[in-house]
Amino acid sequence: MAGSTLGTIFRITTWGESHGKALGVVIDGCPAGLELNERDIQLYLDRRKPGTSSITTPRKEDDTVEILSGVFEGKTTGTPISLMVRNTSQISRDYSEIASYYRPGHADYTFDAKYGFRDYRGGGRSSGRETIGRVAAGAIALKILKAMGIQVCAYTRSIGPVEADLSNFDPSAILSTPTAMPDIRANEEALSYLEAAKKNTDSVGGCMECLVEGLPAGIGDPVFEKLDANLAKAIMSIGAVKAVEIGDGCAVSKRYGSENNDSFRSLNHQTVKSTNHAGGILGGISDGSTVVIRAHVKPTPSIYKTQQTINQSGEEIDVNIKGRHDPVIVPRAVVVMECMTALTVLDSMMINMSSKLDSLIDFYRS
Amino acid sequence: MAGSTLGTIFRITTWGESHGKALGVVIDGCPAGLELNERDIQLYLDRRKPGTSSITTPRKEDDTVEILSGVFEGKTTGTPISLMVRNTSQISRDYSEIASYYRPGHADYTFDAKYGFRDYRGGGRSSGRETIGRVAAGAIALKILKAMGIQVCAYTRSIGPVEADLSNFDPSAILSTPTAMPDIRANEEALSYLEAAKKNTDSVGGCMECLVEGLPAGIGDPVFEKLDANLAKAIMSIGAVKAVEIGDGCAVSKRYGSENNDSFRSLNHQTVKSTNHAGGILGGISDGSTVVIRAHVKPTPSIYKTQQTINQSGEEIDVNIKGRHDPVIVPRAVVVMECMTALTVLDSMMINMSSKLDSLIDFYRS
Amino acid sequence: MAGSTLGTIFRITTWGESHGKALGVVIDGCPAGLELNERDIQLYLDRRKPGTSSITTPRKEDDTVEILSGVFEGKTTGTPISLMVRNTSQISRDYSEIASYYRPGHADYTFDAKYGFRDYRGGGRSSGRETIGRVAAGAIALKILKAMGIQVCAYTRSIGPVEADLSNFDPSAILSTPTAMPDIRANEEALSYLEAAKKNTDSVGGCMECLVEGLPAGIGDPVFEKLDANLAKAIMSIGAVKAVEIGDGCAVSKRYGSENNDSFRSLNHQTVKSTNHAGGILGGISDGSTVVIRAHVKPTPSIYKTQQTINQSGEEIDVNIKGRHDPVIVPRAVVVMECMTALTVLDSMMINMSSKLDSLIDFYRS
Amino acid sequence: MAGSTLGTIFRITTWGESHGKALGVVIDGCPAGLELNERDIQLYLDRRKPGTSSITTPRKEDDTVEILSGVFEGKTTGTPISLMVRNTSQISRDYSEIASYYRPGHADYTFDAKYGFRDYRGGGRSSGRETIGRVAAGAIALKILKAMGIQVCAYTRSIGPVEADLSNFDPSAILSTPTAMPDIRANEEALSYLEAAKKNTDSVGGCMECLVEGLPAGIGDPVFEKLDANLAKAIMSIGAVKAVEIGDGCAVSKRYGSENNDSFRSLNHQTVKSTNHAGGILGGISDGSTVVIRAHVKPTPSIYKTQQTINQSGEEIDVNIKGRHDPVIVPRAVVVMECMTALTVLDSMMINMSSKLDSLIDFYRS
């Protein structure tokens, strides 16, 4: 099916393979009147760019975005915004060998099973480069949310056993450290851990977290279109994510109700909660507290150690994966999580506008 | 928005509140020719029925299903199947007090924020009774999957600190024990733990797991409609679920790549994996191994301990929740997880039918 | 697929067969706070009820609607509204003969081709009784539109060669005449024409028209979700409709541009058009003028004349259809057209709320 | 909303404005394994290209398509196919004047009403150039349908009062005549008529027709997703179309049932109809006969005669539209109709694959 489209009102459709001519995204349903230029988007694309430190692949990817439609005289027109990034640095010979076998932990086998064959160059559509479209679209969603006073912020929570200490939370560190951790000390520790793994021709996993602040209460729809359900889908759809938690997440399964319930309080005539175990969502609808989402990311499946697998003839073989690969996925995936969260929240807010009859009538009366 | 509809081809729409006249579901897109009667569905509804043990609410809910359309001479016709369960035992006076305040851990406040007011009787639409429609529809999906040789099986993995030992896996125990654990010894232990929590006027959380066996490789769509993304949404949409894991889930974030990758092997000319850390899904597409999903469920928010909250005037008050509540949600939610998984998998299989040109042409040639 | 669901935000799902236990509809996405009771809906159902004149089938269908969910203390809650009409007067023996053959002009053959078999009683799902769900849902959409100052009005434009003279437009006649014509003289003429056709064991076709007044400019989305495109789909989906026109419709193909263009004028500081050939829609978006839609309806396919057809064994046979059938479909379809138009317009208005960035920001600021 | 996406399984998303950098389309859900190159698509784009005769605008538009993704080693991979056409010949000064006023018959006013402002250059998104994306995507759908033995063929039925005589049907004339009429004599007559209209600084309307041959019975879904309903939407969404007819269309409203019903016959053990008033669709589902759709197209709204309108300040003014415009839209719209029909039919066929339980089970057993 059309698996590359996300959203109901603010809807994006991504396209492109790792080693094709280009990658891109069409954003449809963006409100008219938003000031937008390439720099707004490039800023976010640069955050997912490799080659910026010792823990990302040394591949050079320029990833320069071009706005092809939907913007006139510096403002969005309400019609589809088409964004494209030309592929410039792909070296197909790096990948030619993997055409014949199935890399462990990759989608080679499942793409063949589904489609009968695959574009094997650099992972084709299942490459991490697929996220370019997500990030380019997310940059626009983030700009709109910001204009509404809503901040979305993702960061690396842990790499292997090294956890960021959130009592040291330093937002500037997210952008300045190679690990995207908000804690400079943990960043150092994680880098050492990664260096050791690299030397051992291995890769490591990690955890990322995203906060949404300023979201009004009332966003999300009961039953199947709950805000947390849509966030879970959006975040789980990021390659390599194997678990999604909302608020205290997995920890709730070991809790007593008396520990886990958040009391309501009144603060300056506003309803607040004393604690936020729920992660800002009750019954699938935002409660006005910070929305908290966590994602657990598997280690990069491309490792240099010898691995066992089969080839397309079904013969068992040993393989040594070559190429240039990040030893950990998380730092570059953080911006993807931020973008997927923003896309989901913004679409939910647009959908929510007709939830009360009075608001609907007022909207068209004015 | 229309939050009560799920699925693209096999599509369900649920309706009904805890204390309304009835609850139900419309299943549209069910293939024609399936033998179906009320007993097929009642079997599953009975698994979510309360009042069957000391750890479920003593409320009596008969929950007798009626097929209103879509079945003719014992077979589905391909047109919408409407299923209804009349509410018979709702006692509105139990809930009248809660109209004025916001119960901690419930959706009272968020429904008011979204809609301006709420049906406060028994939680209204955010009640656990909402799952009747999910289970009634899921029973049909499960029957179809079974006819295709696909088995979906959910069970309680843990309650509080008590974990089922899967090396003792006893499938019959899932249906026969009050905890829905597949391990009789863990069931006993969990019951003691629950008894203590109840005495302490408290509730507990737990974890449930679901396995899909026999699913062919190739199901699920890349990018946003990944099988795991849709499973995450479906399972996270179940009330009280706060985390969803696929395969090894959260554990992958602490792993090395060399530990986490599953090698491919050839067994009887079939592609298999030596291990299944991935939980049967690679790149969002099924790989032919068992699909493994876990969900972490918060403790029942309705507890008898005194709690702090606010009323609709914003005044801080102490509340003591009354009524009849399960001390743990998991055992009755297990069948809901099984049903949501089945609905998701079946819809993905239907969508997948045109993924290869040859299959499409062959389908219409025959 | 799930062909029984319509709409994006205001979404309805209908179900039920002519001779099943019941028919109904689930309306999801209805704003909270609308005063609603059974009488609001019954009023519209009664307009499609047969047995009220010599030109409708003498079948008695009580069609009493029951609200099963989504309304609390007299107001909609924002959650799904389930409406049901029990079938009470179906006499299955009337239809038993048609099980074996394919009635000309009916969907018997195509249902068999699609599904392998069919519920042959009274046309099953392809019966005109399927429109009960549309009308019940449309009644709610009409009530909301009215609260926004938007009037939707459908009527019979012609029956066979007899055309209503709109210069005699009498709105009360739509509800009071058996033909639903807004012109009492044409009504009389049409009744004579129908009487003659009935005597000749034949049926006749006709044309219906629907006007939407008070719709603000700016509703509808460019390209595929144009307001006229969605109206065309909604109206063509009514059984027996074979053509849909917007504004001057077919006549434009014989026009010169200088005749067909509508000049813009300024009236009391508002933009208006001197003429309305366009039928209130330009580029798929409402222009503030009256929206005009026409639908051409084929003659009732059930006629008492001997017809040629084949049976399920492929043998050519002569058939004489029995039962009780309207000699013309239009008068009872008029309310269906009104409802489908209302559903389409309301959903478009809800979708439109985020078309301008300023409006979106203002909505959440207030 | 996202108005630029069409289809459920075979889904397209178009983008681009008349005078932007480029226009394009993303096709998602295309089956893997289709041989595809730029020539397959260019062939259809060339049919909508202007400047090829005296009755099309003398604007030169090269409209060269580039495949950016989704094709590997000459075959579709199942992942999104991104197609782009760079705008090369747009001269913005031609259109600068129209920024300040609303052209009669155009979407200038409605875009301003909806979005607050508009890209006024050449009509922006409401330009006929928007159809480039439809045609590029349709070319792929047509190639797939052809591989399944299904032929889709559209042509000009009439221009002003000049009607093609279908008893002279010459398929080669559709591609070789400037009018796209399948009747060489009518083509000559229509050209004279158009010449006279041009001299009189006027434009004319026309009618186009599309036939689908070889479509199996059983395609289309009851109630809202009827094949004719989806065709009506797809065809009405083409700019300038004001009416859509299926089969005998409007004529049915003047018919007797005995004239309009098509008898079923048996021919070589196949079910056929003696006549085809229904246009190949009964109850919204294909019946195996030729599907017949007609669309009535308004005269080009851009005419050189002086017209009355208002400017953005609401002042009434006289305008003389400049630029280069076709005197009739139909000949270039014929290929758009063919493409929209193909897209709709193919998507319906994909959706239909799980309508019977046996077929679903067989599909996955093999």
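The chains carry the letters A, B, C and D, assigned in the order they are written, with residues numbered from 1 in each.
Note that contacts are C-beta pairs under 8 Å (C-beta built on N, C-alpha and C of every residue); 3 or more make two chains touch, one makes a residue touch a chain.
Here the structure is a predicted model, which is why all the values come from computation and not from measurement.
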Remotest chain, subunit C as reference, centres from CA atoms: A
Between the pairs C-D and B-C, the one where more C-beta pairs touch: C-D
Repeat of interface B-D, chosen from A-C, A-B or A-D - more than half of residue-number contact pairs shared: A-C
Euclidean distance of C-alpha centroids - subunit A vs subunit C, Å: 44
Subunit C and subunit D: spacing of chain centres that average the CA atoms, whole Å: 26
Whole-Å separation of chain centres (CA-atom averages), subunit B against subunit C: 38
Interface hub residues of subunit B, defined as touching at least two other chains: 1-5, 8-10, 14, 29, 32-33, 78-79, 114-116, 125, 216, 222, 351, 355-356, 358
Subunit D residues within the subunit A interface of the complex: 1-5, 7-11, 13-17, 20-24, 26, 28-29, 32-33, 66-70, 72, 75, 77-82, 84, 114-119, 121, 124-125
Interface residues, subunit C side, partner subunit A - complex: 8-10, 29, 31-34, 76, 78-79, 144, 147-148, 216, 222, 349-351, 353-361, 363-365
Subunit C partner contacts - residues on subunit D that touch it in the complex: 1-6, 8, 14, 102, 104-107, 109-111, 113-116, 125-126, 130, 158, 160-161, 197, 202-207, 216-226, 228-237, 239, 242-266, 269, 271, 274, 278-279, 281-288, 296-303, 305, 307-310, 314-316, 351-352, 355-356, 358
